[in-house]
């Protein structure tokens, strides 16, 4: 029986469409109901030191992410080694690899399904602006992860070494500890 | 394929014109031991013979030669496990012409044909599941055509 | 001795248990930043939309397996009070308590043998 | 497993569609399996691929031969060195460039090191899929050693652009050779450790013996090559069948098994690591002195009209470059025949009528790399 492909996301996110579309999709990103400065400071400190990344290896950078999680460049020293397979339990989404046009709706869905507060690390040249696969009039990849979701830390490299990923996570921890102001 | 195997292949095809040419390609230069040319409706019979003789379909691809002589050239490569003998089989198709599928004979052709159909638009008759393989479901272009997505006419 | 001391203890225990259960649910709703995207409330299935209903009729083997589990859950439940009085009282230090618990468990494990013979664990 | 014949008679209320989707810890990248289930039994499995399609073949048609070099090691980043050197060898075959002896030996050494690192990563993730966390950490420790060695000479850990048309870019020094020999000695002691840790484990045997059997005939019709084919009893290894480079000078044997199940594939890859160690030792033993690039390497060149098909043995199977040149310096078409594409297409038949838990074990033993499937 030929299976109908049910991946019928209505809008295949062309890069130019994505920009306009992402404003409309982000219905509500608002400050918490209760927020005290000291409480937020304490919470951010706790959140920074226990980042649970989502296992989402797309391509070559995924191998360097696994190497960073393995024994030599251990991510667990920074509290970020607990790789959660399910988006419902992940704090940070590490884009490890090229973002093809076909996986763009999947990334949007996963980002929506992650609980807030959440952060995004764009690892590798492909997620910054298309990397080695970017040339004018190309049809296969989305040139950069920030066309899909707001990215917090960019890590250049193709693939970036595990030390670079660890440096990126440390930068993200600094950013979290600095706290975040929400528009009104 | 030994000498008598080739003649056997020609006779067993019965009609001579099914397999127009069968000459010894030079392996050192091109990697093919034998090159042959066939008509577009002969491919199931030839594929069946290759299957019976213990060959496997190594590769099926398409060359877009619309610019110089208005044809798509399908290149089938059959090879053996026990000794190195790669047969290249060319089929020239007009742009609107379809070719019979061999996915029932060589199962690996199933995905090869889906990919060629998706990338070039060549239609394979009798293929059960000829829908998009690599690109999102509702893309309507064939990317590997020469006149698609050229750098010079970037938006 | 206040006749209600036991009930107070139990009441306190229940209230504390309830609080411990509810606080981790309510507090994050208050202190976490809010976010609602298009697919936030959809079921999470590897990033793509689910296909078909999930209310389907499945094989009875799953149901029987769950029943066997519940039976032995209750079996363990009865062993909890036994731990309080095990080895104390009249036959302290003897083998009697051990034998009694052994008989209790072996009688209950006959249920497994019965289920085994009935083929509950055949998974095809 | 008794095959169930009443699959077609199921009412619509009983079949359940499950997406083992693009984001899944044991899908080795972004593969999506659309499973039609009845209870835990898979009635029909349709792999949906294309989530890592980066259009390598389209890129080949708008850049010249030198500019396509970085793409080659990003097609299959675990066998990046082998893909890179294969592309160089294909162009050398078309241009009839002579490669100096020392460069040929260096190519064999770094290719076999790359093959061992790919099999080590497969070993770690295969056990990780089956639930064993520790082997993953052991094998990555060994693998880091190889990445160090290759990093010394090529400058990168994963995506090497080490080959040039006619030779290699960097020369290896004595330190590199001694590190490699020390590594092989250390790896051989670890093999016995892996066997102790994993092979005898009852659960591992239970999940792998007799599961996911690929018969020789099914392997031939689906075009399965590499360790999966050799585990089904067919000793087809391109290094022996079509010796390229100087592989005919080394004596190593082709590891094969006959059962064709997960356990056979597991054993074939472990044996292959041993064979690669033997090749490296022989190559290190008699590597000659001399240049590593031809006297006047071709910088800018055009390839006369013609075509060339060049096949190599990648860690996953037969990898072929089919290059069609039209006389300019830009290739008219480069077709990458990648092994995982055909290996994965055989999953439609292998996974039918198995349990969902077995799918993870079977896919783990096939050792897929998704960007290589989607190109």
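First chain written, first letter: the chains are A, B, C and D, and each begins at residue 1.
Note that in this section a residue touches a chain if its C-beta (ideal position, glycine included) is under 8 Å from a C-beta of that chain, and two chains touch if they have at least 3 such contacts.
Keep in mind it's a predicted model, so treat the numbers as computed, not measured.
Asks: Tell me which chains count as touching both chain B and chain D.
Replies: Common neighbours, chain B/chain D: A.
Asks: If every chain is reduced to the average of its C-alpha atoms, which one ends up farthest from chain A?
Replies: Following the centroid criterion, the farthest chain would be B.
Asks: Name the most central chain, where centre means the mean of Cα atoms.
Replies: It is chain D that sits nearest the middle.
Asks: Write down the chain pair with more C-beta contact pairs when A-B is set against A-D.
Replies: Greater number of contacting C-beta pairs: A-D.
Asks: How far is the middle of chain A from the middle of chain B, if each middle is the mean of its Cα atoms, in Å?
Replies: Taking the average C-alpha coordinate of chain A and of chain B, the gap between them is 42 Å.
Asks: Counting only Cα atoms for the centres, state how far chain B is from chain C in Å.
Replies: 61
Asks: Just curious, how far off is chain D from chain A if you go by their C-alpha centres, in Å?
Replies: That pair's centroid distance is 29 Å.
Asks: Quick one: chain C and chain D, Cα centre-to-centre, how many Å?
Replies: A distance of 46 Å separates the two centres.
Asks: Which chain A residues sit where two or more other chains touch them?
Replies: 5-8, 87, 102, 106, 110, 135, 138-140
Asks: Going by the touch rule set out above, which residues of chain C reach two or more other chains?
Replies: Those would be 47-48, 51.
Asks: Could you say which residues in chain B touch two or more other chains, in rising order?
Replies: 132, 134-136, 143, 149-151
Asks: Under the stated touch criterion, can you name all the chain pairs that qualify?
Replies: Every touching chain pair, ordered by label, is A-B, A-C, A-D, B-D, C-D.
Asks: Using the touch rule from the top, collect the residues of chain D that touch chain A in their complex.
Replies: These residues of chain D touch chain A: 17, 21-25, 29-30, 34, 36, 44, 46, 48, 50-55, 58-59, 62-63, 70-71, 74, 77-78, 121, 124-125, 136-138, 140-141, 143-144, 147, 157-159, 370-371, 374.
Asks: Which bits of chain C are touching chain A when the two form their complex?
Replies: Touching chain A: residues 29-40, 42, 44, 47-49, 51 of chain C.
Asks: With touch defined as at the start, can you tell me which chain B residues reach chain D in the complex?
Replies: 28-32, 51, 54, 56-59, 61, 63-64, 75, 77, 81, 83-84, 86, 88, 105-108, 110-111, 119, 132-136, 143-144, 146, 149-151
Asks: How about chain A: which of its residues touch chain B in the complex?
Replies: So the residues of chain A touching chain B come out as 2, 5, 7-8, 12, 101-102, 135-140.
Asks: Once bound in the complex, which stretches of chain D touch chain B?
Replies: Checking each residue of chain D against chain B gives 49-50, 53, 55, 57-58, 61-62, 93-94, 218, 220-223, 229, 234, 236, 241-242, 306-311, 318, 320, 322, 324, 332-333, 335, 337, 341-342, 345-346, 349, 374-375.
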